[in-house]
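The two complexes that follow have chain A in common; it is paired with chain B in the first and with chain C in the second.
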Partner chain A sequence: MNNISQQYKNLTGRKLSFIILLVTVLFGVALIALSQGASSLGVKDSFAALFQQTGLAHAIVWKLRLPRIVMAIIVGCGLGLAGTVFQAILRNPLASPYTLGIASGAGFGAVMVIVFGGGIYSEYLIAGNAFFFALLSSFLILGIARLKGFTTETMILAGIAIMFLFSSLSSFFQYMGTMEQVHEIVFWFFGSLSKVGWKEISIAAVMILLPCPVLLKWSWDFNLLSAGDESAKALGVNVEKVRMLGIVLASLITAGAICFTGVIGFIGLVSPHITRMIIGGDHRFLLPASALVGAVLVLTADTLGRTLWAPQVIPIGIVTSFIGVPFFLYLLMKKRREYW
Partner chain B sequence: MLSINGLDFRYKNISVLKDVGIELHKGEVLSIVGPNGAGKTTLLKCIIGIVKQDKGTILIDGRDASGMKRLNLAKCISYAPQASPSRFPISVFDAVLMGRRPYIVWKPSQKDLEVVADVLRSMDLEDVALRDFDQLSGGQKQKVLLARVFAQETDYLLLDEPTSNLDLRHQMEVMEMISGMVKKKGMAAILAMHDLNLASRFSDTIVMLNAGKIFCTGEPSQVMTVENIRSVYGVEATINESNGHPHIVPVRPVREYRLSDN
Partner chain C sequence: MRKYGIKICALILLSSLLILAGGLVARATAGESIRIQDATGRFVEVRLPVKKLVVLTSDALEVIRALKAEDLVVGINTGIAKEPLFWPGLKDKPAVGSWRGPNYELIVELNPDIVIGYARHPGQDMEKKLVPLGITVIRLDFYKMRSMVKEIEILGRILGKEQEARQLICWYQEKLNLVERESMPLRNRPDVYVESYSKYHTAGPGSGGHEMCVLAGGHNIASNFSIPYPEITPEWVLAKNPQVIIKATAFGNCYAMIDPDPLKSVRDKIMACPAWDNIRAVRDGKVYVLSSDIWTGPRAIIGISYMAKWFHPEVFNFLDPEKLHREYLEKFQGIKYQGVYVYP
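Up next is the complex of A and B:
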C-alpha cells in the first residue's frame, strides 16, 4: 500500500467525519429547538407531536416550531454556501453576500415588493425580485472587477458602495412608506424567522438546493481557481464560465436565503472561514461543511434568540452577530498551524 | 512535435510578439531567453492558450491547438507560471493533485492518488506532503509547482522561470529534475529563463528573443556569443567554456545601448 496516498486518504476521511459530526450536531440542535418555545411542550411531547395528525401539540410543532427550524437550516446552509462560492470565484477571503453588497441588492428587491405589494403571488414576486437585484449587484461587482482587476480592495470597495446604494434605496422606501409598511421593513431588516410558512420554505429551498449539484461538481474548479486564473486555465478549467455561472448561482442562493427572512448578517462571511480553519481549503469538503456550519450557527442563534428572553423574541440578525463574532474572533486569535 | 509558426500577438495595439517560429522535438529542453519585456511569458501564454494569438499557428503533434478544448489541451501541454502564493490553505498533496484535474470527473481515482504519491516521492517532497502549501519555503513551493506539472503527465511542459527566487542548490535540483524527466519520459520542455548560464548548461536549444522577435536560435554555444549578448542585453560579457557549456560572465552595460535598436 502506498504510504503517502494512504495518509492522504486518512486526512480525507477525517474531513468526512467532520461533516458527519456537523450533521449530528445540527440534528441535536434541531431537537432542542423543537422542544423550546412559548408553550410548555417538552422534548418528548414535541417529538411525539411530529407524528401526530391533529391536536394542539401537532399545531404548535408543525405550524410554529418546525417551519422556523427548517427555515433556519435552509437559510444557514444558503448563506454558508454563497459565502464559500463568492470567496472561491473572486479569490477573495473578504467576499461574502454582505461585503459584496449582493445581500443588500436582494434585500432591496424584497423590500420593493413588500412596499408596493405583490398581490396573491407576493412570495414568488419577492423571491424573483430579490434574485434580480442580487444578480444586478453581482454583475456590477464582476464588471468593476473586470475593468479594474480582481484585487481584494477593488471588489470590497465596490461592494461597500453597492451595499450603501441599496441600503439607502431601501431606507428611502421606508421613509416614503406607510406606518404599516415601515413596521414590516424594519422587522425585515432585523432579520426574522417568525413569519415563514411552508410555502416560503419551499421557494427558498428550491433556490438554495437547485444549484448545489453544479457547485459540488465544480468544487475541483474552485480549488484550481485558488491557484490563480492562469494555472486554472492551463489545467483545463473554463475560468470565465465557472466565474460567470458561479456568480449567478451564488446570487440565486443569496436571494433565496434572504428574501423571506431579512438581514441575517455575517454568516456568509464567517462560515467558510470557520470551516477552512478546521478542515482546510479543499472545496469538495469545504462547500458542504460550510453550509452545515452556517445552518448550525443560524439555528443555534435563533433558538437562543427565542428562549433566552422568552417570551420576548430577539431578532435572529442580532443574535447571530452576538454569537458569531466572539466565536470567530476566538478562532482568529487562536493561531492556526495545521487545520486539524 | 510542437511547432509554432508565424506567431503574432498584439496587446492594446502594441506588438508583443512578431513572427515567432519555434520547433520543439520530444526529448528536448528549449530555453527562451531575452531581456525583461522581450515576450517570453507572453509566448508561453499563447502556446497554452491563456491568451489568443492574432496570427500564426501552434501545432501539437500535428493538431491545431486553437481548435482544441482547454481540457484536451491540458492533457497535452502543462504550464507552470511563476510561483504565486495562494490565498487559501491547501495541502501540498492537494496542490499536486490539481495536476490530475484534466482526468478527474467527480473524485480522484486510485491511479490519480498514486501518480501524485509517486511524483512527491521522486521529488523528495514526501515529508511535506500533508503540510500547508503556504507554509513552504520558496524553493519547496517551486518544486511543488513542478510536481503538479509532472503529475499532469503531458508530453509538453511550459515553465515560466522555474528557477527564479531559488537558492543555488534548489536551482540545480529543479533544473536536473526537469531535464531528467524530459530525457527519461521522452517529454519536451520550453523554459522561460533569466539565468543564461543555467539555460546554457541544461538546454538543447536556446531561443533568444528581443522585443518580441526571435533574434537567434540554436545550440547554446551558437547563441551565447559576445555579439548577441551585447546587442540583445546591452551588456559587455566574456564567454568562457566550462564542462562543454558556454559560461557567460557579464562585465558592464554597453554605453550607447538603446532598447530594441537592432
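Up next is the complex of A and C:
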C-alpha cells in the first residue's frame, strides 16, 4: 500500500517537474526572443529597457517585442488547450481546432470582416465574428452528431466536412476578391504575430483564459471520459453537458487564438500528443502542460521566423509546421507502443 | 526494308503536301496576320483585323479606352460594373467572370477574336480552352513600368490603333522623363518605407511599388530584399527610421469618392502603430496614402509624380500631379476628373 502511494507520488512528482521544466524553457525562450530584433538594441540594453519608463529602447521592448512574445504565448496556450479539450471530449486523437472545422469557421469569420470591413474594422468585430462562426461550426458538428447519435467518429467526420466548407467559403472570398483582398487573405492564411498590440492581446487573453478554470475543474471528468461514455456516466459524469459545454468553451479559446493572428496550424493537434507521450493522460497535468508545450512551440517558431531570414519574416504558420512536424514524428517513432 | 522506304517517302510527300495546302488555305482566309511577343515572352500569331475583344483586366481596359478602341470590347470582367462612374461606356457590356477565373463558356458565346488577360492570371487553362476554338489569347500586364511602353505599342498594333498608341506613349514617356531626368541624378534620396496593401508587408525589388519609389527619387529601405512582398517586423521599420512612409491602399472606386476620410483613417492607423511615433516620417508627418488607382498600372506615372513631390518638394515644385491626372482622364479616358486618390 505504502509502496503504491509512493509510486503515485513519484509519478505526480515527475509530471510536476515536467511542468516546471516547461515553464523554465518558456521563460528562457521568451528571454531570448526579447533580446532579438531588427534594431541595434543589444541583449543587455533590451533587458535594461524592461525597467525603463520612456525612451526608444522602452518603446521597442514594451510596444513591439513584448506584445509579440505575450501573444505567441497566449496563442500557443490557447491552441494547446483547445486541442487537448477536443481530443478528450471526443476521445479521438485526430481532434483539433483545425480538423474539427472550428478554426476554419473562426478564420472565415475573421476573413469576412477583413474583406467586407473595407479596411475600417474594429478588433472587437473580428473577434466577435470569429467566435460566432467558430460556435456555428461547433453547433453544426454537435447537431449532426446528435442526429446520428453521439459517436465521436461522426463528429470528426462532420468536422472535417465543415472544415472543407469554410475553407471553400474563404477561398471563394479570395476568388471573388479584388487583387488587394486576395493579398490580405493570402497573408492571413500564413499567420502573423506582427499585427497584434496590447488591445488585441487583452481581447484574446480574455477569450482564452476565461474558460480555463472550468476546464481545469473538469479534469477528472475528462479523465473518466477516456474510459468510454458508459463508464463515465456510471461514475457520475454528465457526459452530454461536459461535451456540449466543452466544445463551446474550446471554440471560444480557438476563436481567441486565431482571430488576430491568422492560421497557425498543427499546434492544436500536436501539443496534446507531445505532452501525452511524455507525461501521460491525466488531464489535471495534461491541460496545463499541453498549453505550455503549445506556447513554447509557437514562441520558438515565431522567434525563428523573424530572425533566421531577417529582416524578412517567415510567416509563423509556415514555421510552426517546419519545427512541429519533425519533432512530432521523432516522438512518434521513439514511442514504439501504441500510446493513445 | 525497301517497302518501308517507299512507305516513308510517300508519308513525307503526303504530309508536306498537306502542310502546303494547309498553309495556302490559312493564307487565303486569314488576311494579314502579325506575330507579337506578349508579357509571358511567347510569340502569338494574331489575325487582323481584330473586331471583337474580351478584356479580363481593368488595366488593359483602361489602355484600350485610351487607344479609342472601346467599341471593340464585347466582354469585360465582373468588377467593372462596380465602378459605373469610371466606366460609363463599358459598364453595361456582358461580364464574363473575374479577372483570375473567367467563365470560358461565356467567352466562347461572345465569340471574340482575342481575349486579353494578365501574364499570370488566369492560368494556362485559358489557352487550353480557347485556342482550339480559334480564339487568340494575349497576355499583357500594363502594371510594370518597364514593359508599359512595349505593351501599349503591341496593343496598338493588334487593334490597328498605332497612331493613338504613339500618342499615349509620347505623353507617358514625356511625363516619365520629366520626373526621371530630375530624380535619377539625385544623391540625397530620402529613406522610404513602402507598405503594400497588407499591413507590415513591404514592397521589395521585383514589385511595382519598389520601381515607383526609385523612379520618384526615393531610397527604398527594402531595396536589398530578395522577395517582392515580404512580411517585415515593425521593429525593422523603426530601426531603419525612414524619412517618408508611403502606404498603398485599395478601397476601390476612388473615382466616386468625395470625402477623403477613408484615406485619412488609413494614415491615422499607420501613424498610430505602436512605437512608430519614434520614426522620422511619423514625427514629421511625412506619411502619405496613395490609392491603388494611381499605384502601379497605367496611371502609375501619376502616383510617381505625387511621390516625387513628397520626396523632393523643392526639386519637383514644377510638377502638378492633379493636373496630370486631369489631363490623362480627360484626354485619354474621355471622362471628367474627380475623386480622391491621395492623402494628405
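To be clear about the criterion, the second predicted complex is superposed on the first by the 319 of 340 C-alpha atoms of A that agree within 3 Å, B and C clash if a C-alpha of one lies under 4 Å from a C-alpha of the other, contacts with A are read in each partner's own complex, and residues count from 1 in each chain.
Rule of thumb we're sticking to: contacts are C-beta pairs under 8 Å (C-beta built on N, C-alpha and C of every residue); 3 or more make two chains touch, one makes a residue touch a chain.
What you see is a predicted model; the values in this text were computed from it and never measured.
Applying the stated contact rule after C-alpha superposition, one finds that A:M176 touches chain C and leaves chain B untouched. When the shared chain is aligned, no partner comes close enough to touch A:L50: not chain B, not chain C.
After overlaying the two complexes on the shared chain, residue contacts for A:L157 are found with neither chain B nor chain C. Look at A:N92: by the touch rule set out above, it reaches chain B but stays clear of chain C. By the document's definition of touching, of the two partners only chain C reaches A:A310; chain B does not.
Of the two partner chains, neither chain B nor chain C is touched by A:L329. When the two structures are aligned on the shared chain, A:E184 is found in touch with chain C, with no touch to chain B.
Judged by the document's definition of touching, no chain A residue lies at the interface with chain B and also at the interface with chain C.
Taken in their complex, chain C has these residues touching chain A: 79, 98, 100-101, 196-201, 225-227, 229-236, 238-240, 249-252, 262, 265-266, 274-275, 277-278, 292.
Those residues of chain B whose C-beta lies close enough to touch chain A in the complex are 45, 48-50, 69-75, 77-81, 84, 86-91, 93-95, 98-99, 101-102, 104, 106-107, 110, 113-114, 116-117, 120-121, 126, 129-132, 152.
Those residues of chain A that touch chain B in the complex are listed here as 2-5, 7-9, 11, 87-88, 91-93, 217, 220-221, 223-224, 226-228, 230-231, 233-238, 276, 280-282, 284, 336, 338-339.
Of all residues in chain A, only 37-40, 56, 59-60, 63-65, 67-68, 118-120, 175-176, 178-184, 187, 190, 192, 194-195, 197-198, 306, 310-313, 315 touch chain C in the complex they form.
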